[in-house]
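Two complexes, one shared chain (chain A), two partners (chain B, chain C).
So, the complex of A and B:
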């Protein structure tokens, strides 16, 4: 069930309880149909994925550029927390050797030694985070996006133990006072829930690409549908050598790194 | 029967007041946690479970260990346990209540707890754990209470209690197995990803639960007219001995696989615990304390003379309990998160508020246990 469906359903239920009854329920349903009727601009895919060309990123940004990170964190109301223990992050960088732990060796090519690699949720094919969640607050959508319902999450952090990529953050304190600037168009989170990258599901719905993809002036991040043979991601995957993080664990990460 | 809990001497009441005081301190800090968030604990983005979940895990074991008195009595007719099954069952009741409290204080959004039942998710092990724990709690309350009531009236318990007892035996095994599955089914946490986990959990549970029960029974013996009997204590001591040997054997197996295979992922957590990793080693003293206590306990238990003598048996049981607490109630959970997904070591130690909240819950368990034991002992004194 998509997030929208669930929301409207909850609203429907809520109104009924309030005694406004069937009428309002019908209204909600009608409103939804109206929205769905005109050809929606939404981008649809069967299996969203991202290919990151780190070389492009370093060449232009000299390792200093943080455009994609800032754009994402601002837009999604990710708080600025200095304490690394409580940091909340959706997309950030880690050195090559730590991102690809299993590839760590003494004689790594100079070009990539210690270089920053972007990391984010991999929107895994077989996500252990969703498997362990006791409330379905983390769930996998039809289009492959691993989504979270911040209103349902009970903050048990089972998903954090289950994610082998360190992609999830917990709100150890109220994040709202720590927002550099509030974006009123995206919900803020409450203290006590887990959060992570959502592949910009809200933007896809409006027909836009994920913000990090758009924010990168070098075009280092490419987003698309893996099931579409003509998509840009598939074109790159056909022609370039790519790696994924910890494929041996069987989670099926959908973020690829072109080397 | 409950009225018996209200008739106690001065010592009884001062003990209860002490526990209530600890509970209120814990509660006071829990309010602080509700207000400020889990930031008041030592947990972090990397070590996202700590003392609370570790206590939960440890206490599920204590709860499950009731089966070690129930099973011999009901399935093997070990008469010596006839008088003490009730104490095993009541220990299980208070342990499960503590477990549930530890799950609740660990939640970031405790007021949404019911979401677990409103949106039942059979693929989540945590969901199953809450189900089996609640069931086990109910079973033990119903069984314990009815058996005791019957004893008081000097009749045999109602017929429907027996089947429940039989159900409670595999059920006890299930609670700790399911709890082990929380850990042993996660990709990328090499320290936990071992099929041995459930077996290890059960073995250590069957050592530390009965060890605690021995200590409790000996306390009861000095404080009341009820005597559990030497045979019962000695039988329990044998169980503790076997379970402790198996438990340490299992720990040894983990060491062998890790260090003979030399696979880094399998060595790292153990290395962190006992020797430190990348210059981090806050848990080293605790883990060596575990090792020494465990070996000391084993020496006292294996030697028939020290096992049979009450004074040394007490020391051995205390050492079993403390060592397994260090191993399971601290090291096991924390080390699973070390190193993190990026191979870095982020350390964890509980903070003072966290410890006080945990102590508050232990005090709650002790209070429930005291009241239940008081009732049971009064009935036994009355009947005798």
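So, the complex of A and C:
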């Protein structure tokens, strides 16, 4: 074998390195191709939002109806804990004065005083919970949903301190034994993680509306895309006076209340 | 060599002790895990094919599950296209466990044998003795 001089050795080596680079690049490309295909029937939006017509809710339910809450909590395996310090909730009610703290005054209209308002995660434009999460377990999706990856949650509860709406609950114990009925199609949570409403991301991907919207027999809850000018939520926002919770904080809540 | 007797006997005891697991277990091989595939759901399939080939699934199911987790939770993609073009919903409960409903005879077989303790079941619901 002839002796290789320095120049041809370097040239050969360089070609080898180049070849390796191309090979791994090709592998990456090939791998990407057989990954996820887009789901066809999914509901796609740019900025999901909800409008809750409290008048419809009160008139029909007379303050007793809990259809949306029960439907949500059953489907998402939310445990039923009576102790308010340990309770877990995705959607629940609070009196007007608690919901609209900044509107609290001595002479609130009688029809509104102490009335229960339906509250849930506001899926804020600028979610403080996602910003403070040290593991990025909470993140904002492109369609506006503030989503949780329970696999990543370490239970530090920074998000609970950051959320001005109290929309997050911590699992102080294993929630499974506390479930009235286990829905095998949706995971439960485990002890030591925080949880909250996910705007039914799993249902949107299957082409269905959020369960609370579907469960409400009065149609008091309306869900839709704020970026779509013809969506039902935009139609209501154009025609009705609506309020958001604590807009002065700048989190940009996406749940609107029509009164 | 000074103290040859005590040094050599000490070495002997040391060797016996350190090789204890080997000679104690000679001839007593543990039974190989036998994951069972004969669930009713699998028996009804005309073509018995998982989302990947058997050797791939055996070696890489944990990586695949982790990819599925990222796709579903973080990217919101719930449809997986397998190498053969067939599409599957990305879901542990609705896809994997529909066929492999026998966690105790399937998952636990190897996991117990290898002393692997995945924490999937803390949250995901294992099907009950299907």
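The definition used in the following text is that the second predicted complex is superposed on the first by the 220 of 259 C-alpha atoms of A that agree within 3 Å, B and C clash if a C-alpha of one lies under 4 Å from a C-alpha of the other, contacts with A are read in each partner's own complex, and residues count from 1 in each chain.
Here, a contact is a pair of C-beta atoms (placed from the backbone, for glycine too) under 8 Å apart; a residue touches a chain by one contact, two chains touch by 3 or more.
This one's a predicted model, so the numbers in the text were calculated from it and none came from an experiment.
Contact with chain B, but none with chain C, is seen for A:98 once the two complexes are overlaid on the shared chain.
When the two complexes are overlaid on their common chain A, residue A:146 makes contact with neither chain B nor chain C. After overlaying the two complexes on the shared chain, residue contacts for A:164 are found with chain B alone; chain C is out of touch.
In the superposition on chain A, no contact is made by A:200 with either chain B or chain C.
In the superposition on chain A, contact of A:190 is made with both chain B and chain C.
Overlaid on A, the two complexes show chain B and chain C touching the same residues of chain A, namely 190.
On chain B, the positions that touch chain A within their shared complex are 36-39, 43-46, 48-49, 103, 106-110, 112-113, 115-116, 118-119, 121, 123-127, 130, 182, 186-189, 336-337, 340-344, 346. Of all residues in chain A, those touching chain C in their complex are 34-39, 42, 139, 141, 143, 147, 149-151, 182-190, 201-202, 205-206.
Against chain A, the residues of chain C that register as touching in their complex are 67, 69, 71, 73-83, 87, 90, 93-94, 119, 122-125, 127. Touching chain B in their complex are the following residues of chain A: 84-87, 94, 97-99, 101, 104, 128, 131-137, 152-158, 160-166, 169-174, 190-194, 246, 249-251.
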